[in-house]
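Chain lettering (A, B, C, D, E and F) follows the sequence in which the chains are written, and residue indices restart at 1 in each chain.
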Amino acid sequence: MGVVVQGAERTDTDVVTGLGGFGVATVHEAQGRRGLLDSRLRPIYRPVRIAGTALTCEVPPGDNWMLHVAVEQARPGDILVVAPTSPCGDGYFGELLATSLRAHGVLGLVIDAGVRDIAALTAMGFPVWSSGVSARGTVKQTIGNVATPIVCGGSLVRPGDVVLADDDGVVVVDRTEAKAVLEAAHQREAKEAGVRARLAAGELGLDVYGMREALAAKGLRYVDAEPA
Amino acid sequence: MGVVVQGAERTDTDVVTGLGGFGVATVHEAQGRRGLLDSRLRPIYRPVRIAGTALTCEVPPGDNWMLHVAVEQARPGDILVVAPTSPCGDGYFGELLATSLRAHGVLGLVIDAGVRDIAALTAMGFPVWSSGVSARGTVKQTIGNVATPIVCGGSLVRPGDVVLADDDGVVVVDRTEAKAVLEAAHQREAKEAGVRARLAAGELGLDVYGMREALAAKGLRYVDAEPA
Amino acid sequence: MGVVVQGAERTDTDVVTGLGGFGVATVHEAQGRRGLLDSRLRPIYRPVRIAGTALTCEVPPGDNWMLHVAVEQARPGDILVVAPTSPCGDGYFGELLATSLRAHGVLGLVIDAGVRDIAALTAMGFPVWSSGVSARGTVKQTIGNVATPIVCGGSLVRPGDVVLADDDGVVVVDRTEAKAVLEAAHQREAKEAGVRARLAAGELGLDVYGMREALAAKGLRYVDAEPA
Amino acid sequence: MGVVVQGAERTDTDVVTGLGGFGVATVHEAQGRRGLLDSRLRPIYRPVRIAGTALTCEVPPGDNWMLHVAVEQARPGDILVVAPTSPCGDGYFGELLATSLRAHGVLGLVIDAGVRDIAALTAMGFPVWSSGVSARGTVKQTIGNVATPIVCGGSLVRPGDVVLADDDGVVVVDRTEAKAVLEAAHQREAKEAGVRARLAAGELGLDVYGMREALAAKGLRYVDAEPA
Amino acid sequence: MGVVVQGAERTDTDVVTGLGGFGVATVHEAQGRRGLLDSRLRPIYRPVRIAGTALTCEVPPGDNWMLHVAVEQARPGDILVVAPTSPCGDGYFGELLATSLRAHGVLGLVIDAGVRDIAALTAMGFPVWSSGVSARGTVKQTIGNVATPIVCGGSLVRPGDVVLADDDGVVVVDRTEAKAVLEAAHQREAKEAGVRARLAAGELGLDVYGMREALAAKGLRYVDAEPA
Amino acid sequence: MGVVVQGAERTDTDVVTGLGGFGVATVHEAQGRRGLLDSRLRPIYRPVRIAGTALTCEVPPGDNWMLHVAVEQARPGDILVVAPTSPCGDGYFGELLATSLRAHGVLGLVIDAGVRDIAALTAMGFPVWSSGVSARGTVKQTIGNVATPIVCGGSLVRPGDVVLADDDGVVVVDRTEAKAVLEAAHQREAKEAGVRARLAAGELGLDVYGMREALAAKGLRYVDAEPA
């Protein structure tokens, strides 16, 4: 504990922007169902969607000192991603830190812990995904890490990775794979558009996807309801 | 596992419509405090209220294949009710399936599992009660059941039963008892209307309901606060 | 069990009003990080903020009889604070009781249990902080206490204490300390105002709070990222 | 609420005894993966295994009055199966009720709620599966049902069904299917015995079950680790 | 925060010893169903029972510094009762602190947080009730309180109160009421002894407690099962 | 998904053996409080301690097919470490797989999911740390990964890392750091031995660790209790 890594490379802006055109669910599928953060991380207001590059921060339980250290490492387009070293629901983050992050171009916060001042955060339109809300503040006594690889919400997040967050949750895309994932997301969405139109017209998924044979092979049986 | 029951009888439309005029709490009381689904099932947006007939579906954990099978069995006015065979928070359901269900007249979804695309579902006004939100999709490998009796959220739901869902949660009414429950709900509401007016005027529930004697019989004592 | 304490002294109105000008997080800090109720108590709608004096009520699991007893003890400006004697998520409270409380000047409800009729409560603007929503009603068979000291959400609440509740949660302030806490809150907010302006202008918390030396003393190290 | 059904038929003793020769996991598989109670129901001591016939009981939260009513309906070989109408962890059951049940030949208790006196219950060897332990007792104010179909731990249990419980949990077998399930359990165990010997000798499940082709068809790839 | 209260009065030893002759469930009932700590506090080994006087300690999340401060305030016969200021499962306590407490005559630990070294604690027979087990240690950076009134597991505990803990959980008895509660426990147990004998002989609780009339008055109906 | 990495390097046996001489808590501290798996992973029997090298496996929810694939990659001294791609409590593992793993020299199982046959596993002395017990079996329909880096219980585990598990939980040590951690553990234990003797003799931690000055500097105040 106690390291700040300076100058980590970020994913290219146009790739981040491209991924920001898709939803979290689509990108999660497009990269082979990896990188999703635990569903306990929820947005404090809806609807909302942001895409940016990860500025990671690892903090002790009940201690938010390192968030101030992290601000100095921020670049415009970053999203601050925070994980406590053990589960803690305290309110690590509020209006003052949001004001500071915004002044440095940070787009939002993803934290596997609690936040507070959510009325003010909502009013100023600063997006936050957290695992809880708590007015209980934290102390500034113990150091942690900034811009090191961390596990947040059960997924590995490295500095500079793409973070995409919307009403459904948060997904992280490895910096070195981001371009390929963007391509896969485009293809997936193109395919879905055609399916959506057919389903909206009343066609059955059973036929659109051609599932009937496989279901029968698994032994699916159709029976008639007994008369009442 | 692996059965689709076709042609199950539904509760009469006018009874369903009648029950739809009441809230979940009222109907739950009217039928003797039975049939409520676990309170972990919450609506993805509020306010909302629907009433329909149950189209049941039992699915494996992390596998939504049977939802496509269920669509074919849907009738206008149905509500799809889905239970996984073991607890699972994955996102079984999203915009495409909602589009398909709507094309077949299904009014909404009740699922003791996760859903995704909630921004889109909210925008299209497709009501969902779920036990969670997750962008994590599911596979299509293992079969389950459609239109069989299931336990969803701890309550037994049979095909064709009435499902009533609002901001407070979800209640199911046995098809064979629905008419009687409708009658009881009318009576309950009539009685409440009179009580509401008296309470709003400042009368005490202690007097409106005549509780003072029973409380005294239980030994309730009134004492004065000690002076500060 | 089974006591109603009459005529408990309330905190002075102007102190309550003063505290109502601050958020829960600020007041919690101002009184030395005490008195916060567990974060499972959440408002049923947002944004919302109220401040009032505690009217306490202790109830058995699944039994709301004492809420009617409590109404008679209410004074304008009170907030009803309810704790079950064992964890219970049932819907103890709904539109009728809210109507009754409002008729007696009660400002809102804080309950470490479930509530129902939340669509109606939201429509009438009656604020509620609860640990859940459930349409399941309760019985009226067993007595409890009104206006005695209780533990609600893990904090001790005495009749007449100040209760402050907003989007972040609920905090209680001891009646005998309320004036001093109000003063401390004023001082805290004055200090924060200056900080907010500096942070908004892009100054770092590291400098505003003068943290660099203490961080270095703890051993915080800065290293450069390895080239990609 | 408020019904006691007398004289419900029980599954034949020899079928119950036969099923008692198998573990819960085996019987659960043998009946097509149905009938398992939620895994929150755990035995208060281990190892333990019992098989008997269900005597069902539905109770209000925090109220154990109906357990005394249930004792009168017990027959030797029964297992008392108790579900509260809403989640409750209170200690519904202790040494006195166990003494009473044992005097009437009841083999054990399955309850989706709390129990107490577990030191005494363990000492007297009275097996209990519960969702919690709590010294908090209950009241005797509100009635419920005995020997009606109930949902316990998310599964439907009817009076007279077979209940099998061991270190792994609790499974219920429909009375009308019990004989067929017993047969299937025998077949399953016979097959497993052969597999166990081969696996113990070091053969791979991949070969014993012949999985390699199916895995390859799904696209499983084998790669070599990069040298360190 | 930051106060150590020295020389708090303890409950008389003979009263503590007397209460130690009863189980937690009995004492909880004997004092009117008050004072039970939340059931998430479980013993690390069973069977176990201790009775002593409360030495309270309030600690920050993830920080066990104050436990060392508490040891100095310990007297033989004390039980250390620890509550974090916000929920935390870290391992605050292990073999070294147990060694230190034992050297000062402390009988055991009650903590609404995690502990570690449970193999060693079990081997040395040092009883602990905790809300979890975690190898994750804590820091020593932030102060708290010793021997002040605290809320632990949802109940108020004052220094010198009686703490009784066994397999069922933990109950606290107010120092000023302990003698009366001891008397009530004796009476309760005497009554139970007679009931136990009658139940063991096969008499029904319905008759021993004379419940039949009250049940009928509530509307309990007996019906016969339909023939299979 | 769908990769099996063959021939991953393991940590040297003597380093693993050395680490196995320490408890999980000690090793966790010795490596700077990193690498601990979530405390929801608990041993199925106690006391128990094993040390080995990680054989990782990532599985879909409710599908244990890949466990059979993993067995073929096992080497004597391995511990199988399994993580589902989304939370799942099903019983992925039982007696047959344990028999197979033991035949290949695998020392035990760490799984962030459920297991079954725990009576048999306990009887055969096959150690398991799991997040639950469930008799509910799984299917074999969907592939996953073997011997890739995974996140298990919130910590990153790479093939060949050291896994140490005991009554307190599970810690993983990076293969490239294992030797240094072993050295640090030796030093830590040496220091603790001296402290233990002094604490056992009644010396206070306040003095042994020299804490009094730092506590005073934080503002800790000692006051006398008010006379009763």
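The rule is simple: a residue touches a chain if its C-beta (ideal position, glycine included) is under 8 Å from a C-beta of that chain, and two chains touch if they have at least 3 such contacts.
Predicted model only: the values in this text are computed from it and were never measured.
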{"item": "Listed chain pair A-F, B-F or A-C that repeats interface B-C [over half of contact pairs the same by residue number]", "value": "A-C"}
{"item": "Between the pairs B-F and C-E, the one where more C-beta pairs touch", "value": "B-F"}
{"item": "Distance from the mean Cα position of subunit E to that of subunit A, given in whole angstrom", "value": "42"}
{"item": "Rounded Å distance between subunit B and subunit D, as computed from the means of their C-alpha atoms", "value": "28"}
{"item": "Geometric centre distance via CA averages, subunit F-subunit D, whole Å", "value": "30"}
{"item": "Residue numbers of subunit A (touch at least two other chains)", "value": "33, 85, 87, 89, 134, 136, 142"}
{"item": "Contacting chain pairs - touch in the sense defined above", "value": "A-B, A-C, A-E, A-F, B-C, B-D, B-F, C-D, C-E, D-E, D-F, E-F"}
{"item": "In the complex, subunit B residues that touch subunit A", "value": "2-9, 65, 68-69, 71-72, 89, 91, 94-97, 99-100, 102-104, 114, 116-120, 122, 132-137, 140, 142-143, 147, 159"}
{"item": "Subunit C residues touching subunit A - in the complex, by the definition given at the top", "value": "23-25, 28-29, 33, 36, 39, 42, 46-47, 49, 166-169, 171, 192, 195-196, 199-202, 204-206, 209, 211, 215, 218-225, 228"}
{"item": "Complex interface listing, subunit B residues touching subunit D", "value": "1, 32-33, 38, 85, 87, 149, 151, 154-156"}
{"item": "Subunit C partner contacts - residues on subunit D that touch it in the complex", "value": "60-63, 85-90, 134, 136, 139, 141-142"}
